[in-house]
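See structure below.
Per-chain residue numbering starts at 1, and chain names A, B, C and D are given in the order in which the chains are listed.
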Amino acid sequence: MQGFRFDPLRLPPEAAATRQRIRAYLSSEREAGRFAANRSWDSFDPDFSRRLGPAGFIGMTWPKRYGGQERSALERFVVTEELLASGAPCGAHWVADRQSGPQILKHGSERARQEILPRIAAGECYFGIGMSEPDSGSDLAAVRTRAVPADEGWRINGSKIWTSNAHRAHYLIALVRTEPPGEDRHAGLTQFVIDLSAPGLTIRPIRNMAGHHEFNEVFFEDHLVADDMRIGPPGKGWQMVLGELAFERAGPERFMSDYRLLVEAIDRAGPSPDARQAVEIGRLVSHAAGLRRMVTSIAGLIEQGEVPGVEAALMKDVGTTFEREVPEVVRRIAPAEPSLDDPADRYVDALARVTLQAPSYTLRGGTREILRGMIARGLGLR
Amino acid sequence: MQGFRFDPLRLPPEAAATRQRIRAYLSSEREAGRFAANRSWDSFDPDFSRRLGPAGFIGMTWPKRYGGQERSALERFVVTEELLASGAPCGAHWVADRQSGPQILKHGSERARQEILPRIAAGECYFGIGMSEPDSGSDLAAVRTRAVPADEGWRINGSKIWTSNAHRAHYLIALVRTEPPGEDRHAGLTQFVIDLSAPGLTIRPIRNMAGHHEFNEVFFEDHLVADDMRIGPPGKGWQMVLGELAFERAGPERFMSDYRLLVEAIDRAGPSPDARQAVEIGRLVSHAAGLRRMVTSIAGLIEQGEVPGVEAALMKDVGTTFEREVPEVVRRIAPAEPSLDDPADRYVDALARVTLQAPSYTLRGGTREILRGMIARGLGLR
Amino acid sequence: MSHPDDMNDSLSQLLLDQAERLFAEHAPRQVLEAADAGTPPEALWTALEEAGFPLALVPEEQGGAGLEVADGMRLVRLAAYHAAPVPLAETMLAAWLWSRAGGDPPDGEITLAPARPGQRAGIAGGILEGTADGVPWGARARHCLVFAQDASGNPCLALVGAQQRSARPGGRNIAFEPRDRLQFDRVQLAATALRPAPLLDSDGFLPLGAILRSQQMVGAMQRCLDHALGYAGERVQFGRPIAKFQAIQHMLAVAAGHLAAATAVADMAIDAMTAGETANGDLALAAAIAKARTGEAAGEVAAICHQVHGAMGFTQEHPLHYATRRLWSWRDEFGSEPFWQERIGRRVCAAGGEALWPMLAGA
Amino acid sequence: MSHPDDMNDSLSQLLLDQAERLFAEHAPRQVLEAADAGTPPEALWTALEEAGFPLALVPEEQGGAGLEVADGMRLVRLAAYHAAPVPLAETMLAAWLWSRAGGDPPDGEITLAPARPGQRAGIAGGILEGTADGVPWGARARHCLVFAQDASGNPCLALVGAQQRSARPGGRNIAFEPRDRLQFDRVQLAATALRPAPLLDSDGFLPLGAILRSQQMVGAMQRCLDHALGYAGERVQFGRPIAKFQAIQHMLAVAAGHLAAATAVADMAIDAMTAGETANGDLALAAAIAKARTGEAAGEVAAICHQVHGAMGFTQEHPLHYATRRLWSWRDEFGSEPFWQERIGRRVCAAGGEALWPMLAGA
């Protein structure tokens, strides 16, 4: 396909070695009872992240002088997929490691790099995402939060919404308008690193339908941010955000959010499944295998320094469609009444949690409709 | 739902009596070896129709003076669903009975009624549909075939496409432009009954992908049509065509085109199906049951003289989605390599024919996309 | 989308209007929130009892309102439309069955047990023995109507008071409705508390419970679609309401199709229940079809409506989840889709392909 | 959409260009029409033989072109993209296997039998016995490579000439490709015509046949999507190309997703075949995954591309059906999706949930 690059990629030997290292690490964590399996990248556990960082598994690709390991993107990829497969609670550091850190490394000031990256890599510093606003969800270019030049840098007024973990993260990267909207509605936007402990911010919790507090609305009232907390040139925020989104959409978490439910369903079916169970599980596995290969190819593009925007959109659309199917399929082959009140039954518990989480899979990080529009553009239809 | 009327309907006693009559008739036909089962309303068999008419099952609702039986729309409905369930080859008279005859009865001239309706009811006179043109398929209002007043009535130039059976039918009802396109693109269209044996017509066959000749392109070159072969007032063709389409979309053939494949698959699975087969067949049956009730409700609306445009669109969308699923589901529970060369294996034969026909289900009579647009309008979204 | 009461029906508009006002007054947002947090909506239940709704299906001579089954099911849909967090449907059904068995239904909530496939209770010498999981409001209901078979396999109904059974409370479905484990540990029944079960076969409450949940899912789907249509008309992105995007329009058209099909089979089940009062209607098949098709529609409609709502519908603030969490719970209760699909499929296959049509259209 | 040869690959551009020209010249529309009507495309086959494609995978020292497996599969996709109505894929695979078994592959078309699950042939004392249905070009191929097991269950290959087997010709799949019944009636094999089978286990040709069909489906899906993208850009309705409608865009985006996923698993199967040359690669699992996922994608892509084409794509005139009829045929050959899905599922379940990840990502 024109512009769709899913070239076969064989992982290099060092990636295999890294895989063994992270597997050994996770095994020891599990054996020590340090994490409940069946969590995922939306489970916030700072203790887990504070151990994972010093073990060398956060910020792996960054220069050593910023706390990184100077590993390849493929080694980082292997670590992320192993974390997901094990059901480790990665939510605390996930955004910082995946997209905020890389944005700062690539487009941030030297001060931002020195102050922030080593703390991320240590598993101590967490980020939220500051893109959406109440009136601009899918239509990101419609953001109305404004930054105007001030003595110390910029003064920001407005609000951001759906910022995961803003109440327990340290920073977010906010996309704000720095010039009035003109002919080109993508122009005049700028990204800034926002210190969530600084004055001029109010955080309002937004509980999700399962009753959990993950989302927030963040209000900016004359919030001051230094110019060296700017990401990329003023007015070029749209280009910045596209790059950030490609990273946000490109990883294995876009088909593995409920991987642990699949694992539990397999065990529920048992070693001698009936034909229905075998067929449906086999079908899901055939999908997972294809997706894993696609996401591996994308990791290869990232390793080559590419920004795989359309490929990431396509993989995320196919991957999240799969994620949405997993609970719907397994509930049919291993019937259960889902409940959050019986954690001892790991299958029922996973089914309940995933059922309540699944609607977000095709929304967060770009809705299905936005992604399909991007794919259609990649196909030359728009 | 606003405007969606699927009220429960209990069929009246006379419908039950009619059902027994048509069942007895079809049984005797089958026993006499007069039709191969597993055909449907797209199988053209004039012999079958010429027996069915005199038996009183065509044009049933029409006045006796035009060859009808003055039966209710619900009795006609029962006959159509029994024909479909039995796999009778109804293609010859189907369009004439369903939509062309009713259009002529309601909006045609007395001459047209007297000349044509009794022959339809006798099972001797067949119609094609003259709506689509090469450049106006879904966008019907874009028709370019033109009729201009002439001494004897109207002179028509242009062409119609996808006219099923034009090469073996007697008439078609054509939608043509009688006034230049203006502000209101739906204005200035008129419907005419076209005698396919008259001069000024050329019929070009269009074979379908299975190699069958059902479709045609009909070219009009100074074709003359008398004014009393006009349907409805000049310029009001759009209103005429909407009414015709509601009838075209409202019947049980919109979920029963491949009903016989389901029957064969049930027999293929046998009396002791495995769990996969039982579950999937049970699922399809649950869909069929709901659709049958919906289409029965629509028949009730028609009996009350309503034009159930939106309900028909909704039923057709749900019904054809079901029809598209049938071959995809049964091939998974009763695997076979489909072939047209083994008619003795009725399941394999039905599977092959349906597989090749299925793409048309969600196209003919209004594409899925057009229907969903109509439903959305019914929901108040447009 | 409209309210369930837009339908033509025989229930007086008066009664449905009354119910509508009752739910508006006694099941507002705060009551749903409180119920989710564990506080039962006592005022709501009291109001329902005062209106006579729990015993609506019971004949007047037995202390009820003598409502027709179809009208009662309309009320069940309306309660579900409002996500009323009370066992109204269960109580209506239990009271109806008990009255048909010749008993006078008691006041207060009545639940039904067993409620899951594969669970059974037994009766011998007037003594009830058994365990039932996932019983709706099992710990809170004042009475539990238990389906049990005696040694000869005869279906019986036992009316068991709260003090007679032990309950392990604390379980909830994902709509946070109580679903408790009840144990009947050699419960000695009074003579008037044990009766031959009308209408039921060895499946116990499963078919009628499935019909209840089907009606409720219809009501909750209507609510989802109402929410989504409203939201799509208001939410502006890229300079226009999202209702104007073809993708949104087509998704909602599909959802409307599922709702229409689900309503059709739920209506069909009502007919079968009604016929069952006087003739031997094919209740089991109608229940199976209703639950299978409605449950499938529930998943699709919930998914579509969440997609239309975007992140907003995923929040506790937005009321969408009161409907969708119920859909995701109810579709698995009293037998999930595959349970009933398999039933249908086995019956259809055993009869053979040509027998399907008479099964659908009547002999 | 692009041609299969846009990929980076090791096959020289020269060779693929040559193949492209060859198909353009020898497999134009008229040749496809004639083949559908029963006239074999002899000039096409002759041209393919002259180019050395049928024996492309055979080592040079055994008279072949010594092409790598991956490049050979690229050629298979290209032939399928052009709907070339010849058993090129089957011949390439048969010749490759026979050469790996130590034999020198003959000229002419070679087919594979048995080709369906559950069918078997046996060898005893150099005598072959068995029946195989649905054999691709079974009546026309000059040779048939037969998989058979001897009395001890050892997998063998037998090369059988046309005069040695009886054929019931006339069967075709719905792409009108010949699928004949072959009978091996006490066929006495020459010593050089019977060899121990490399790579194969008791499944015989099923896994490798499944991989062939997977590659072919990738090629045919690429063609479908190319057709649909072209048509959507040209066809004007309501005053604009239908490509501008969101419904069309989203459908085609979904199709592109299926194609990408199918390509990924088809590539994976090529890796497994390649690995199998030197190590004990997990061919069976890779084949199962490839056929299951590709077959599922084939149905979806064909459906979407027909929907985009409207009535036009339903005609014999429009070339779309040369691709879609092949997809509908190939997905059921060498085991349909559920056949392979069940294999995968049984293996995964037997190993347990935690073993799935190492199975996907490597131990």
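In the analysis below, contacts are C-beta pairs under 8 Å (C-beta built on N, C-alpha and C of every residue); 3 or more make two chains touch, one makes a residue touch a chain.
Computed from a predicted model, the values in this text were never measured in an experiment.
Q: Return the chain whose centre of C-alpha atoms lies at maximal distance from the corresponding centre of chain B.
A: A
Q: Count the touching C-beta pairs: is B-D or A-D ahead?
A: More C-beta contacts join the chains of A-D.
Q: So what's the Cα centroid distance for chain A and chain D, whole Å?
A: 39
Q: In whole angstrom, how far does the Cα centroid of chain C sit from the Cα centroid of chain D?
A: 51
Q: Considering chain C alone, which of its residues make contact with at least two other chains?
A: Correct list: 245-248, 250, 337-338.
Q: Identify all positions of chain A at which a residue touches two or more other chains, and write them in rising order.
A: In chain A, residues 275-276, 279, 369, 372 touch at least two other chains, as defined above.
Q: Which of the residues in chain B end up touching chain C in this complex?
A: For chain B paired with chain C, touching residues are 1-2, 4, 6-8, 10, 16, 19, 81-82, 85, 262-267, 269-273, 275, 277-283, 285-294, 297, 314-315, 317-318, 321, 369, 371-373, 375-376, 378-382.
Q: Spell out the residues on chain C that touch chain B in their complex, using ranges where they run on.
A: 1-2, 6-8, 225, 229, 232-233, 243-244, 246, 248-250, 252-254, 256-265, 267-268, 271, 288-289, 292-293, 296, 337-338, 340-346, 348-350, 352-354, 356-357, 360-362
Q: Could you please specify the touching residues of chain D with respect to chain B in the complex?
A: Contact set of chain D toward chain B: 36, 116, 134, 170-174, 179, 236-238, 245, 247-248, 299, 302-303, 306-307, 310-311, 313-317, 320-321, 324-325, 328-329, 332-333, 336-339.
Q: Quick one: which bits of chain B touch chain D in the complex? Just the residue numbers, please.
A: So the residues of chain B touching chain D come out as 132, 135-139, 142, 161-162, 206-211, 215, 276, 324, 328, 331-333, 335-342, 352, 355-356, 359-360, 362-364, 367-369, 372.
Q: Under the stated contact criterion, what part of chain C meets chain D in this complex?
A: Residues 245-247, 250.
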